[in-house]
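First up is the structure itself, then whatever we jot down about it.
To keep things simple, chains are lettered A, B, C and D as they appear, and every chain counts its residues starting from 1.
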Amino acid sequence: MHVLNKNILSQIITARPAESHKGSYGRVLTVGGNTQFGGAIIMATSAIIHSGAGLSTCATSLDNLTALHTIVPEAMFIPFDSEYKLIDAISSADIILVGPGLGVDENAIRILQTILQHAIPQQQLIIDGSAITIIADHHEFFPLLKKLHPIFTPHQMEWQRLSGLKISEQDDIKNTLYQQQLQATVVLKKNHTTIYHRDGSISQLAIGGPYMATGGMGDTLAGIIAGFLAQFKLKNYEYVVDAAVYAHSAIADEISKEKYVVLPTDIIADIQVFMKRWVAPHNK
Amino acid sequence: MHVLNKNILSQIITARPAESHKGSYGRVLTVGGNTQFGGAIIMATSAIIHSGAGLSTCATSLDNLTALHTIVPEAMFIPFDSEYKLIDAISSADIILVGPGLGVDENAIRILQTILQHAIPQQQLIIDGSAITIIADHHEFFPLLKKLHPIFTPHQMEWQRLSGLKISEQDDIKNTLYQQQLQATVVLKKNHTTIYHRDGSISQLAIGGPYMATGGMGDTLAGIIAGFLAQFKLKNYEYVVDAAVYAHSAIADEISKEKYVVLPTDIIADIQVFMKRWVAPHNK
Amino acid sequence: MHVLNKNILSQIITARPAESHKGSYGRVLTVGGNTQFGGAIIMATSAIIHSGAGLSTCATSLDNLTALHTIVPEAMFIPFDSEYKLIDAISSADIILVGPGLGVDENAIRILQTILQHAIPQQQLIIDGSAITIIADHHEFFPLLKKLHPIFTPHQMEWQRLSGLKISEQDDIKNTLYQQQLQATVVLKKNHTTIYHRDGSISQLAIGGPYMATGGMGDTLAGIIAGFLAQFKLKNYEYVVDAAVYAHSAIADEISKEKYVVLPTDIIADIQVFMKRWVAPHNK
Amino acid sequence: MHVLNKNILSQIITARPAESHKGSYGRVLTVGGNTQFGGAIIMATSAIIHSGAGLSTCATSLDNLTALHTIVPEAMFIPFDSEYKLIDAISSADIILVGPGLGVDENAIRILQTILQHAIPQQQLIIDGSAITIIADHHEFFPLLKKLHPIFTPHQMEWQRLSGLKISEQDDIKNTLYQQQLQATVVLKKNHTTIYHRDGSISQLAIGGPYMATGGMGDTLAGIIAGFLAQFKLKNYEYVVDAAVYAHSAIADEISKEKYVVLPTDIIADIQVFMKRWVAPHNK
């Protein structure tokens, strides 16, 4: 088990080549946000844009269109219940993040199924929030899932639902066993978040704190992971996940020096400045 | 009568244990905000989230969804006129705040009745704004109320309606008499707000000022009370109310050094930093 | 003719008495904002709230509800095409500002007529923007107007429409003549805005500048006038108008040291701090 | 070929004459923003207003009204699918910017055609984003276009569509040849953006960087060009375009010292302060 430290930041956050354009930094599709949980997908999308992805489209309920555009006009929109538009958006995405605020109703299940059917292994799929809960109840999705090698970002209760392991039973050995069966990366969110990589290695976070215990924090983490993956295109993409997870908590730690509780929107507001500070020195 | 001083802050605002998650800091349900008064419930909900509650759901008019999410995407939403969803949200809440911008029409009365029928004594109910006016007119709600030991947050005119005491007659003896009959905590908002506790003790505020005399200030206070109760779980919960009331005015006092009038949204923006400054030193 | 100077600020902006509440600082009703020009009434209402009025209700198109609440959740709302609600709101207002973004269609004319029929001389009526244009075309409104002694805030073209005086003809003598017939205060907005008072005195602004030449600036001025009148209740209310007009341009002058163009929303953001700096020293 | 340097800023950004009003700084009409791409036209309009245009109206989908007003209440609105209102707005505009987020569907084509039919050579037309793609597919619009001498702001792929020149073939000689046939100014957006002027001269940008490679950056540039043209009325308007293009990247360069990626909304927030710093010294 490897405890993550700040070195991961400058290994991953590198200076951009002059000859590049927005396409160079990835197209991200976010899918989620029903009427009840719209803030989740908005925060995830905003985190993606602030962390530097090139182009981001948010597939969500029409009820969330105006709040999305007001908070982050840089995002594009499609209605998530238009199957035609969703399939089209999937086909042009490099990274797909599904789940924040998606809900677990019939519509949500149908949307998730559409993604699993149309995503391809060359795309990176991140499965968060309600989408994890849906998959836990729909084992028929597993064959589709395995070939996509997705990244799951469950909190402990969601991991219990997905893996069948009770929170008290969740240890590295049992977690790894189930994660390996999933052929997926698992970012298990908790006090000292643990990342189970597909190659069997385990990364652990030793930073972050209870000032982060507030709704929307996981959506923001999922967004930073997506934003990092969109632009930092390493073959060993799991180091990029490590860096994103570390950055999320490192930003929160900084803010917590001034604020009793750290809100997701506080983190989003600080991503750009944080990343600038950690650009690999030899690239400055 | 006890005059509140700054010591109450570090007694209540304590460092968070590392082993905790958003559920540890409470689930709050806010209910209010018709089409006319939507800002009230949005400000209350935003105050709750900025003061550190773990998870907040706002039951309000669909007309307020987008402004809610834009101002505070961390909040979840349900339409307050869906009785089914409201009952479901009540059942999973630790704290329920009803009243800001609720109005007094048939719909508002029905919503309040649903809450009184489904809330249980283990939940903390806070009754503010129009909900106080409704109760003043609906004495049939009193039996339901008494077993819930709610916190009322009336201004003087609302207290007149509820207690029958004219503003000129409102003194500690008469107020206590009626408050004890209600089996409730009463936060009587005025120049030098007075808090009547269930054990008969009285706390008085000696800070705050006329720069706070602006619409929405009470909604914000109710939100801070709810946010504090959600996370600071003392058996003597009324000290937590004291701390919230004190914090609200102490923040305003600070802002008033720079601004002629202090707006509710100014207070909300400063809660996190203020709380950080008053964390109990031994916990730092 | 009196050239306004900074002394007017500390004469009018006085410390608030401790024993006061939001009702002490006035209830303002703003009326305007059709679908095309919604920003105007939102900026006016926001200026009112930031300048310290106690309670503000905005009667506007339902299309503007969400932007209003997002920008200034402290405002209350009524749909301006509900005659019943409008009459009710008029009856409880101390100050009525009509016109910003109202438009000149049938609906706008009907709304203006409702106000003129239901407002009473004890209320202060401010007539701005499209409402001035409507009145210029509806001389049948003049008898209703005269008994209300309104404040008009035209720019030069609107004053031409209202008075019949071409811009090239507009001088103090001719302007006064027509203004006296109107039995109104006229704030004639131009480079060096001139205020024609009902007692025949004339105040002139010598500050401000072309960095203020941007859409919405007049709506914001009308809002500050309304906000000042709501709370500073002098018998000689026209000094309050002088102070508001001076404050609006003085804030812009300060901002212009840092910004090439000064936006209305920039001014609104600075009102509270500006007023604090000019509170009468003996009241500090 | 002329490499642009900072001198262009103080040549163009001049102090405003005291005797001026919002009409002096131009009326701009922006047209674009379907439901999917609403943020684009909102950012363009906001850039125009922050760069100092006198009056701005945004013709867009009704779906974008509230986000527009929340982000920039200084803007006016018309629904872009009302042909009657669009023609009316065209007739009163000094500058027309069409394309950001317009899309390429039937409705978009009809809107663009309306503009081309009703705009006159005395107005300055800027054609951006999807409108360029539409024109590439509708050669029947060319006769209308040529007499309007528009400014095109394509990125390299859009220029390929319009000119038929593959990106690898695009050099100054071939670009100039096609641009001269169009009788248009072409701002070719890329690493080191190149501006092809109607007089055959070529300006090149040597600043800016890959931190600008994010969605919405081009919409913001188009807005700054429109805002500059609205107020800086030189006979040689193309110097104004040079200054706008330079300013856009110079602002980004400054922000990039603090932020890893520069968002369009970051640039918009800094325009006013940037312009103030570069006002021609002799005019200060």
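Rule of thumb we're sticking to: a residue touches a chain if its C-beta (ideal position, glycine included) is under 8 Å from a C-beta of that chain, and two chains touch if they have at least 3 such contacts.
Labels paired with UniProt names: A, B, C, D = ADP-dependent (S)-NAD(P)H-hydrate dehydratase.
Computed from a prediction, not measured in an experiment: that's the story for all the values here.
Tell me, please, which chain's centre (mean of its C-alpha atoms) is farthest from the centre of subunit C?
A
Express in whole angstrom the distance between the two chain centres, defined as the mean CA positions of subunit A and subunit C.
49
Express in whole angstrom the distance between the two chain centres, defined as the mean CA positions of subunit C and subunit D.
35
Give the residues of subunit A touching no fewer than two other chains, as numbers and ranges.
Where subunit A meets two or more other chains at a single residue, that happens at 66, 70.
Can you name every chain pair that touches?
Pairs flagged as touching, ordered by label: A-B, A-D, B-C, C-D.
Show me the residue ranges of subunit C that touch subunit D in the complex, using the header's touch definition.
My answer: residues 35-40, 42-43, 63-64, 66-67, 70-71, 155-156, 190-191, 209-211, 213-217, 256-266.
Of all residues in subunit D, which touch subunit C in the complex?
The touching residues are 13, 16-22, 24-25, 49-56, 65-66, 69-70, 72-79, 272-273, 275-276, 279.
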